[in-house]
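Following this message is one structure expressed as structure tokens.
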Amino acid sequence: MAVVEPAPSFSLSPEVDEAEARAGGRGRRWRSQLGTWIPAGMIAFVLVACFLGPTLLSLPSPVGGSVLESNQPAFSPGHVLGTDPNGNDILSRLLHGGQSSLWIALAVNLLGLVVGGTLGALSGYVGGWVDTAIMRVLDVLIAFPSLVLTLAVAQALGPSMTNTIFALAFFSIPAFARLARSAVLRLREMPFMAAAQLAGTSPSRMLFKHLAPNIAPQLITFGMLGMGIVIIIEGALSFLGLGIPDPAPSWGNMVATGQLSLSATPMLVVWPSLALLVTVLAFNLLGENLRARWSGR
Amino acid sequence: MKQRTILSLLTAAALALSACGGGGDSGGSASGGTGGPVGEPQQGGELTVLEDAAFAGSWPAGLDPATNTTGGSNIAMNQAIFGGLFLLRADDDGSNARVEGHQAESYEMSEDGTSFTIKLRDGIEFSDGTPLDAEAVRANWERALANACTCKPNWPLAENGIQVVDPLTISLTFTRPFPAILASFPTSNVNWIASPTALQQMGEDAFKIKPVGAGPFTVVDNQLSSVLELEKNPNYFKEGLPYLDELTFQSIGGDQPAYQALQAGQAQAYEGLNTTPLLEQAQANGQMQVTIQPATSPYVVQLNTEIAPFNDPRAREAIYRATDFDAINEGIFGGNYEVSQGFTAPGGKFYHAEVEGYPEYDLDRAKELVQELGGLTVNLGTISNYVATQINTALQTQWQEAGIDVTIEDSQLSGVIQKFTGGQWQAMLQTAGAWDPAAGVGVGFRFNSGVPYSGVNDPALDQLLADASSTVDEAQRDDLYQQAAELIAQNFYAPFGLAFAPANLAAAGVHGPGLTTKIPPLLVNTGVIWDEVWREQ
Amino acid sequence: MTATATPRVPVSRDPRVSPLSRLTASPVLRLVVKRLLMAIPIMLGVTVLTFWVLSLIPGNAAQQLLGPEATPEDIALLEQQLGLDKPGVVRYFDWLQGAVTGDLGNSLVSRQPVSEILSARLPVTAELVFLAFVVSLVLAVPVALLAAHKPGGVMDRISMMISTLGLSVANYVLALLLVLVFAVSLGWLPAIGYTPLEDGLWANLRGMILPSAAIGFPLFCYYTRFLRGDLVDQMQQEEYVTTARAKGVGSWAVLIKHAFRNSSFGLITIVGLNLGALIGGTVIIEQIFALPGIGQMLLQAINTRDFVVVQAAVVIFALVAVVANLVVDLLYAVLDPRIRYGSR
């Protein structure tokens, strides 16, 4: 509850809150909370399934299956979703793959949030040559065709989880930075900021005490919307032969490997796509709902 | 929650619909069926052939045989444009494979095998009207041999070894007997003769885009590694050929898009299908013709005998004993292929199904050896392609059953090269051999001492292979190669495996040697003879 | 992250305006000149970055072309022929010198002039991107308006579902599915290939429908989601909306005249930022549909380590991104005169 209850300092226009309270009344507030809890529940479900599921269901290992058990259909004994061409249990791969995909999505967005957010906020708040320097460097990154960069980084460093995260962070950092900067530019003109400045608050205190809490919700929301995109791009890297290296699974590389024979083995693509769909839907719904609340609906 | 369910259902429905589509009967040109009796060839028509962008569909340096650095993968385009001095032909079932003269009328090897004379057919003209004569061949060879390409032949030429005898006769002299000379033609760039006059007039840079040859087709448009449009050469030296009016090669990003494009009727042929599930589906739904070519290069698990752990023969034997390629063949590949015990395969010369003393799969023995060694840790690499990574994954599982600790990795071409040249690799899944083990990228490439891509350093093996490649008598060569295979098995140098060869897909109503009949592959793909490819009208 | 969601109206009241800038005559001109000047270091940065990044990738053009069977002598020979034996910095400056004078050089691998390759391939990618972009935008606006008109209503729910679906399916899977349905099962559209415009408009468009849909659909979803969210916020939050409503202006009129006008700023921003990613998306799609465009060329050039061609492609992509952002800024100025030119 505490997470979703808009703190007064978040609300940029309190009078709308009153207006909404009058117009919406109780039912509306309840619905809005439900709109937060349902996607949060879905995310929790996905997390539990991926991180605890393999142990709880005592699933076979996601790798190292026997070729003698390859390509079994769904609902085969011991393999609810069947096995892939290497004889690995698809459900197990799906859940383990979810772990890597979620880790990557989380890490990339966190990196973007912290590094990009700080850079952007600093740039917007300090202004001057700092602003120019930071933004020009980010402009280069934004103008640079991202796929080339990712391909090159992944090829140069070799495919691995860490390198994939670094490569993908090249996309997320500039995006977060731009967002943070424009949010800070807007905030600077708010009366409470001027008041704080007049009261002689130190710049670092301004940045962390006043700016950070105010731009964080927007950035976090953006990160939620970005979770799915990161998972998909990781798959695109796998499509081009990079990303998480075989045989370790990720949703992205399961889709990328499955599509190699899509006509013959569509289910290899359907399962990870469905998992991705549910996860993206949940993060999007939650992100949208939190955004609406934080922006003071 | 409701939303989620609906969404899931929608996706499932969409995917199911498309899956049905895949098996549907709405193919392109659907006259005739698979495997039915083939009628008389018909003239006319167009054909679009797809080539995998990662292999044959890549010709980034152009199509001049003397400057094309990927000539080994572009054999199909080369044959269509240049025709070829010699071609590999076989009976329709792939048996009785032999190299026959094409633009060459006849050839003669000296008894000691140190010289080779070719007589050209009279009256062949390049499509610019200039004659394809001995001088033209000599000019081409000199350029071709200077190409930094693995597609140039490994001829042991004597000084001034290329001599024009008369306008239609040219001879080669070698420093040692070289009986593999004939087999070396179809795989290498010396087979494709381009017009020296056109080259001079156009300049190298323009020529590599629109090369001029004396083949069945001439170049209309060439977008490198993308589309190559060809049309019938009206002055082709073979009467009534080619059958087709237009032939287009199109590069495409892999088996799945190619398969779909064929189903949709946008293309009528695809060379080099590897993806087993698609192959099985194509075979099952009978919508298109599937021709699995007779394999010539078996997979091999190269072991680096220079460094630990495989400098110890016991570790190498453990790998032999823990490897069960028959199970992999059944499990992943539907039993479609043979498993070799040496560096030749059913489609190649000198093939024997069994090699005496080959250490067969024996899990208990493998476990015993691993225990004796106090454990075994192996890094197994390969190149990133569908079949190779599948086999590697399966090998990892099998070896782990024997108590071997295995990590696998696959890399792009450059990564594989780096590993080999770095010398620190332990095990590599590769393919070995060729139709003739001495021609092209032969067996020495994987087994000779001092070669960066070999893990073996054994003078006795070097001697056997050298003798085999310089012996004229075929029966003797066969014996020598068999001895070499036995030596490899006795020393546990490298277990051999699946004799894999890609398949060709063709729409119903398309026929042609190498496309819908079997010819052993030259390097990877079969050399289709495009002159004789035809479509039912 | 394919796009950045930027909040509406990036009005920044920058207190530090130099007296000099007040003197400059036409603000639009000043903006254009300033941004074009700024583009120079950006483009330089992009080329340096490309060069550096390519130098990190193992293997050079010679090794890549010759394959694993090549002997070291052959590789050395080809390296010399390609000029790869020179140090990287020298090669970069050689290239830069040419590029500044408008000569993008010759492909390392085919020795074709890069300008020639580009002129053959650029139209394909340009058409693909243009179609994907226009169609996605043209569809996204009405759908978002319909959805935002009644948040939580049927239209909103449907558009939400479709757009989430679009955002969670990888575009290469979408591409293959589209081909399976529309080319293989229904046989309505071609599965591969490019027909030049000279061969007829319809023939040309037929071939572009599926690839541009594969690129455009996720974009449509993204734009719809973004615009819908922003519109809803505007409608529920901004004072002028409340004022307009109080004055009795109809809900559609408020939505379109006020909220949409304001939301369009944010939309324009993400569209501008998206263009780079959009072109990046063509790499995979051109591969699947066998389209002879820049994306296909770029991937081949990376694979063959043909850094001259990669540079050219990257420069073009970056130019498009820079120009797109300039156009975005100009559009801000046109749409809202309150915005001070030049403050970003």
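The letters A, B and C name the chains in turn, as written, and every chain counts its residues from 1.
As a convention for this text, a contact is a pair of C-beta atoms (placed from the backbone, for glycine too) under 8 Å apart; a residue touches a chain by one contact, two chains touch by 3 or more.
No experiment lies behind these values; they were computed from the predicted model shown.
Visitor: Please tell me whether A-B or B-C has the greater number of C-beta pairs in contact.
Guide: B-C
Visitor: Which chain, with its centre taken as the mean C-alpha position, is closest to the global C-alpha centre?
Guide: Centroid comparison flags C as closest.
Visitor: Centre-to-centre on C-alpha atoms, which chain is most distant from subunit B?
Guide: A
Visitor: Just give me the whole-number Å value for how far the CA centre of subunit A lies from that of subunit C.
Guide: Each chain's C-alpha centroid was found; their separation is 22 Å.
Visitor: Quick one: report the Å distance separating subunit A from subunit B, using the average Cα coordinate of each chain.
Guide: 44
Visitor: Measuring from the mean C-alpha position of subunit B to the mean C-alpha position of subunit C, what distance in angstrom results?
Guide: Computed from C-alpha means, the inter-chain centre distance equals 39 Å.
Visitor: So which bits of subunit B are touching at least two other chains?
Guide: 3, 7, 11, 15, 18-19, 22, 254, 256, 260, 263, 412, 415
Visitor: Could you pull out the residues of subunit A that touch at least 2 other chains?
Guide: 155, 259, 262-263, 269, 273, 277, 281
Visitor: Could you list the positions in subunit C whose residues touch two or more of the other chains?
Guide: Those would be 57-58, 164-165, 169, 176, 180, 284.
Visitor: Can you tell me which positions in subunit A touch subunit C when the two form their complex?
Guide: Interface residues on the subunit A side: 13, 16, 19-20, 108, 112, 127-128, 135-137, 139-140, 142-149, 151-153, 155-157, 168, 171-172, 174-175, 178-179, 182-183, 185-186, 188-189, 218, 222, 225-226, 228-230, 232-233, 235-236, 239-240, 252, 255-256, 259, 262-263, 269, 273, 276-277, 279-281, 284, 288, 291-292, 295-297.
Visitor: Which residues of subunit C touch subunit B in the complex?
Guide: 57-59, 62-70, 72, 74-75, 77-78, 81, 107, 109-112, 117, 120-121, 157, 160-161, 164-165, 169, 176-177, 179-181, 183-187, 190-193, 284, 287-290, 292, 296-297, 300, 303-304, 306
Visitor: For the complex, which residues does subunit B have touching subunit C?
Guide: 3, 6-7, 10-11, 14-15, 17-22, 24, 26, 48, 50, 53, 58, 60-62, 69-70, 72, 148-150, 204-205, 208-209, 223-227, 250-254, 256-257, 260-261, 263-267, 383, 412-418, 420-421, 441, 445, 452-453
Visitor: For subunit C, which residues are in contact with subunit A within the complex?
Guide: The touching residues are 1-7, 10-14, 16, 38, 41-43, 45-46, 49-50, 53-54, 56-58, 164-165, 167-173, 176, 180, 225, 229, 232-233, 236-237, 239, 242, 273, 276-277, 279-281, 283-284, 298-299, 302, 310, 313-314, 317-318, 321-322, 344.
Visitor: Can you tell me which positions in subunit B touch subunit A when the two form their complex?
Guide: It comes out as residues 1, 3-4, 7-8, 11-12, 15-16, 18-19, 22, 254-256, 259-260, 263, 275-278, 280-281, 327-328, 330-332, 384, 386, 389-390, 393-394, 396-397, 400, 408-412, 415.
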